[in-house]
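There are two complexes below, and they share chain A, which is joined by chain B in the first and by chain C in the second.
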Partner chain A sequence: MLHIYCPHCREHREEEEFHVKGQAHIARPLDPDSCTDKEWGEYLFFRKNPRGLHHEIWYHTTGCRKFFNVTRDTVSYEIKEVYKIGEQPQVVAKG
Partner chain B sequence: MQRYSGFGLFKHSLSYHENWQRAWRNPTPKKKYDVIIVGGGGHGLATAYYLAKEHGITNVAVIEKGYLGGGNTARNTTIVRSNYLWDEAAHLYEHAMKLWEGLSQDLNYNVMFSQRGVLNLGHTLQDMRDIQRRVNANRLNGIDGEVLDTKGVQEIVPHMDCSANRRYPVLGASWQPRAGVARHDAVAWGFARGADSYGVDLIQQCEVTGMVIEDGAIVGVETNRHGKIMADRVGCVTAGNSGVMAKMAGFELPLESHPLQALVSEPIKPILDTVVMSNHVHGYVSQSDKGDLVIGAGIDGYTGYGQRGSYPTIEHTLQAIVELFPIFSRVRMNRQWGGIVDTCPDACPIISDTPVENLFFNCGWGTGGFKATPGSGNVFAATLAKGEAHPLAKPFSMFRFHNGALIDEHGAAGVAH
Partner chain C sequence: MSQKNRLQSGGRIDRSKALSFSYNGRQYQGYQGDTVASALLANGVDIIGRSFKYSRPRGIVTAGADEPNAILQMGATEATQVPNVRATQQELFNGLVCSATNGWPNADSDMMSILGKVGGKMMPPGFYYKTFMFPQSMWETYEKVIRKAAGFGRSPLENDPDEYDHVNQHCDLMVVGAGPAGLMAALTAARSGARVIIADEQNEFGGHLLSSRERIGGKSAADWVAEIVEELASFPDVMMLPRSTVNGYHDHNFLTIHERRTDHIADKAPTGQVRQRMHRVRAHWVVLATGAQERPLVYGHNDVPGCMVASAVSTYINRYGVVPGKQLVLMTTNDGAYQTALDWADAGREVVAVVDTRANPQGELIEAVRKRGIKVITGSAVIEVSGKKRVSGVTIANIDAKGEKVTGKAHSLMSCDTVASSGGWSPVVHLSCHTGSRPQWNDEIIGFVPGPTVQKQLIAGGINGTYALDKVLAEGVKAGQEAATRLGLTAADTQLPNVRSVREGKAMALFHVPHSKPTSRAPKQFVDYQNDVTAAGIELATREGFESIEHVKRYTAMGFGTDQGKLGNINGMAITAKILGKSIPETGTTVFRPNYTPITFGAIAGRNCDELFDPKRFSAMHKWHVENGAKFEDVGQWKRPWYFPKAGETMQQALDRECKATRESVGILDASTLGKIDIQGKDAREFLSRVYTNAWAKLGVGKCRYGLMCKEDGMVFDDGVTSCLGENHFLMTTTTGGAAGVLEWLELYHQTEWPELEVFFTSVTDHWATMTISGPNSRKLLAELTDIDLDKDGFKFMDWRAGTVAGVPARVFRISFTGELSFEINVQANYGLYVWEKLFEHGAKYNLTPYGTETMHILRAEKGFIIAGQDTDGSVHPFDLGMGWCVGNNKPFSYIGKRGMAREDCVRPNRKQLVGLKTKDPKVVLPEGAQAVANPKQAIPMDMLGHVTSSYWSANLGRSIAMGFVKGGLERMGESVYYPLADGRVIEAEICSPIFLDPKGERQNV
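Then we have the complex of A and B:
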């Protein structure tokens, strides 16, 4: 069971209150019509799947119902940091 | 290869079963092979077996970082079925089903394939409409299937609570009689033994740490124990780690690796002689020959490589099972584990060439790879032998995520996610 700190509620809550929403920091192409099929396909379907540090969006489904970002290790599952939408991660993978 | 038979069993009993030949060799790798297969799970070993048997390519190595069949082959819930909705998927899984039906004879190894039937339950009117659509699609594709009503389901599984006053009443089910279960480890071992008998080198405890690429074409792999091993073609069959392998080769795959958990109960007397799956309450259960209930459900939501998941997922799984079978509510669970499944956005596999010449990937089987093991190996072997996709594999190119020709099996085929 993950124990997740919600930056909006400012409390640790149990994993069951949250839903993970996948990779964070995905920018929608500014002009979709000018994208090639490859660029659009990669925007829609290609996600980072790192073995190690991963930045992802979580949703406090049964709490404040707000989104936030989490940096998590995908091998140990340890949560390294929690930060709000619009902010940049402090803990990043080397290299 | 020493053939297994009743007579052989008798003969070896006279020497106290101490003189059985080892099932496969433990060779030191050569410097160069025609084909290297990365990943010694069921799919990889099946690929090696069919490469040797059907295409005469025996200068092959299977490189495995752990031991044979120790990943998802050892961790699945052993269900085999082919009742998929869309033509592309149905043809691929039915191809596998036909191979399953003769597999024990073909391999001279008992994979304990038991065609005890699979029920996919419907709990709402929409479930039942979807089931009718899928069963009709299956029949048009030559796959057996029937739509059952509540009474029909109750006759097959008398211990399931099919009463109308449940929160999720069982309104009916699709029933595929040819579906069933197989002994997961035996599948890996049978293919390993078969491949070895044709001269395929099975290299265990050897991790691939890099790809050797020259002028946009692969020429070999780097390993941690045996240095560089060269090859004309390389096939990657590495399930949850496929994204990591692709990164080594310098491209990305549209995969996300999730933990998928399963659990078994203590062994109990025979009570369930078929496989029961329900998408709506989200769980599936069968009983192994040993007597334990084999239970699974959906993936954990987060991505991970830890080969374990979270307890809330197990709790939801068991809630579903107890909803269907209140009689199981006091059965104690014995073991629980997780495997890492590589899921595709459209819940269909990738059997494909790649941006790197002579490098092929067979991955993305997500939560449903075991049932496809022989078929997957068979079409991937053909793909590796000819250097172009087998007709059944063609729709499963990784480039479908660029051109939009997805095969949307999510939920459509009773795929439990």
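Then we have the complex of A and C:
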């Protein structure tokens, strides 16, 4: 069970308090209607499944109800950093 | 039979406290301090079960968690039955009742061997693999034989009478294992000021020192342990947990401990006591001091009762005062096991010979054994034992230096009743594997040690392949000091006690003892006792091309038993490696998963049973519903009235009455469970426009509007009415089950996509009690209780008004889910019951009739209103539902779902569309879920056109009604579709509008 630092509550809490919401940094296209089916399909359905660093959105469901980003290693489950929505990760995969 | 194998003195048992117990229906005696296994051995019970596949008699092999054979069913009563109890770990108590689980009808009888032989033939290696590859019908045939013949125990048929707890713990340092290394680590950390938890699976701390005759600091090992334990107990911040198995080591230093608090007293906890606890520990640092388990050697007929692991024999002698036989042959690849020969001889029984696989072993213990006049046969191995129910002799042969083949003739059939073997030690790396770390082979110690890890983990002692006591103690101190330093404490200096170090020779890496015959023809050489996996079986697997160790395991089922291959996995890997001509590390590692030993369901469940299993939610009017005979339905966590039967009524009769009363006069529904989200902010209106499919820009204060929500893929996921309370203030309602999901979804879009919008969401579901009165007399009824002007032109359909109802401040919404004139009254929840009762006081003359969710469903279906989640399933967009009227195409912002429902697949013809369905025979009600076909005579598999989503008997219409999906259904009005059912019936139905009643909507506008 992960031990997650909420950047809004500013403390570590148990994973049971959170929901993971999938890959982070997928911006909704500003003009969806001008997207082709392929572009829209990629936005909607295609997600990374990396072995290693993954940036994902978590929700402090039973805490502050805030969303935030987590950089997590999908192999070791280490959490490398947490950062607020709108911010960019400091720890990124090489290459 | 008395305790014929019990010594007169010695051991950690109390001979003044005799305990009686029952095994397989017979009474035996043991002593306080015994395990079931030691007591059975004391009584000379050789056979403890029969093997899974070959039905061979099996005896006790080890003295701990690695025991593969002595798996018992325990419990004096039906309710206290526990399966999978390891006799080697279960402490004896007076009145204990247990029986062998393997070997129906009884372990001693040969009757089973008939079945067993059939089983053996039916279950060649690869049985599981092959069986699951072939038709399932085969499995059913096998299963009957296997379950009856083999099954590892059974669960109780009655409720568990005991209580179990979960406890959350936080500590600086978690020490796993209270042997010499663990004790030193815990003591050193505690002296440094750390908050420490130390847990051990045994009933006392001390680990292997409890069965050792070594001396520490001039004292007996037991006295030394007692001193350390006493000091540990003096620290207020040290928690000591005996009888507590650390079963799982999870991510971020989270560990689970299964503590058995009363299992050593009785099979039911004394009144007022908790039987077991599950500790959930978050530790800053962890020291694994889990020790090592001895490997038996693999040789012919090595499963005959009397074949044991060498250190287990010593444990039974030294700790329990039990010598499990009369004449011992010891086979070893290393010096350490010679101690067993000395222990046996000191107990006054005959050591026939020590058979050493090494040509020229040198070491202190060997000299000691020779000095005692015990015969030591070198460069040799026991290649086979004789005897069926008990070892009666051994065949010995010379082997080559690598231990690969027998050199010369097998000879000298020696008579003995016990064969102890030692192939060296395997560090207990299990916990270190749980978080994904792969163990690494170490040639020096001939075993796997923990590999690199990201956990804050230290290791000490046997787990590290360190076995000499002086070095084990030093590693314990070092680990405790390092943990303290890493925790930011000043590490204490712990003096190492004086321990005599023993000079030892080099061990030989031997796992599988060669036989004069090839393995496939040799007597069975067992690797995994619990699953009857033999060396020949592993050979067969590799011959059939299963070369990865993971495949070999699945092919042979090696390591799949309740013992998780603790005893056999390394031997099995070594055999695989030998056949493949690879080294062990090249062959792979074996990864262990939680739990280390089986854990009870009681401990997993803790207090989360019955009332505490899941929260229940009740509306403010729940008491009234109960008093008025409501039947309830679970909607999420809510308990909602389903229907209100009167005395003698069937469910259908109650529904018919409720439906008619509502349409003829007035009915009332408790709608409090609908999700309610208060939305405020200057951009609230804009936000609503983006998340609903329809337009919200012009909704005035005092007005309500129905809205559909889609996800980005264009598929409907929730619906409800949202009302404008003020220019920047709205109240959104959601489905009962969807409330939490909708709120999370609104927050997601607000926080991650449109943070620039000023809008706030608050769940107010529980703040309001909601009661809907519906029917032609609803206005008359409400008028008697409210100060709101109910004039039909002043307070129109889809308006809301604030005022009082029964003197209580209220919001009244003129919205309708029945198609009748309806008012939804919302009052502060605390006043809900009062207002509800006032409505009934005034409603009696109008025959005010309470109805539940079932009548609500029927009434809305008569009007063709959908229920999100029943008539939608995440694959339908608004147009599929015939609800294109609810989609605003001229909204400036591309709202959620707009682009999605314009995808190629969403605009193609012949999509499944929601339509009404009228059965040809009006008395027949279609089953929900039934599949439509165009031609019921078509060969199976037929082309399916869609399924029935909602179907009821409508008392108001005097016929059945249904809604369902049909491909291209909106274009097929009047056509027939057919519903072939599992019982052979075929129901014909006509496609029609889903609005069965009042298609013009006049009834709600009166």
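Points worth noting:
Keep in mind that, in the parts below, the second predicted complex is superposed on the first by the 95 of 95 C-alpha atoms of A that agree within 3 Å, B and C clash if a C-alpha of one lies under 4 Å from a C-alpha of the other, contacts with A are read in each partner's own complex, and residues count from 1 in each chain.
The rule we apply is simple: a contact is a pair of C-beta atoms (placed from the backbone, for glycine too) under 8 Å apart; a residue touches a chain by one contact, two chains touch by 3 or more.
None of the values given here were measured: they were computed from a predicted structure.
After overlaying the two complexes on the shared chain, residue contacts for A:75 are found with chain B and with chain C alike.
In the superposition on chain A, A:64 contacts neither chain B nor chain C. Look at A:19: by the touch rule set out above, it reaches both chain B and chain C. In the superposition on chain A, A:47 makes contact with chain B only, while chain C stays out of contact range. By the document's definition of touching, of the two partners only chain C reaches A:31; chain B does not. Within the superposed three-chain model, A:1 lies in touch with chain B and with chain C [touch as defined at top].
In the superposed pair of complexes, A:9 makes contact with neither chain B nor chain C.
Touching of chain A by both chain B and chain C, each in its own complex, is seen for residues 1-2, 19, 37, 41, 44, 75-77. Residues of chain A that touch chain C in their complex: 1-3, 14, 19, 21, 27-28, 31-33, 35, 37, 40-41, 43-44, 57, 59, 61, 65-67, 73, 75-79, 85-86. Taken in their complex, chain B has these residues touching chain A: 241, 243-244, 252-257, 301-306, 310-312, 345, 401-404. Across the complex, chain A is touched by residues 250-254, 282, 435-436, 454, 712-713, 744, 747-748, 751-753, 755, 894, 898-900, 902-904 of chain C. The part of chain A that touches chain B in the complex is made up of residues 1-2, 15-16, 19-20, 22, 37-38, 41-42, 44-47, 49-51, 54, 56, 72, 74-77.
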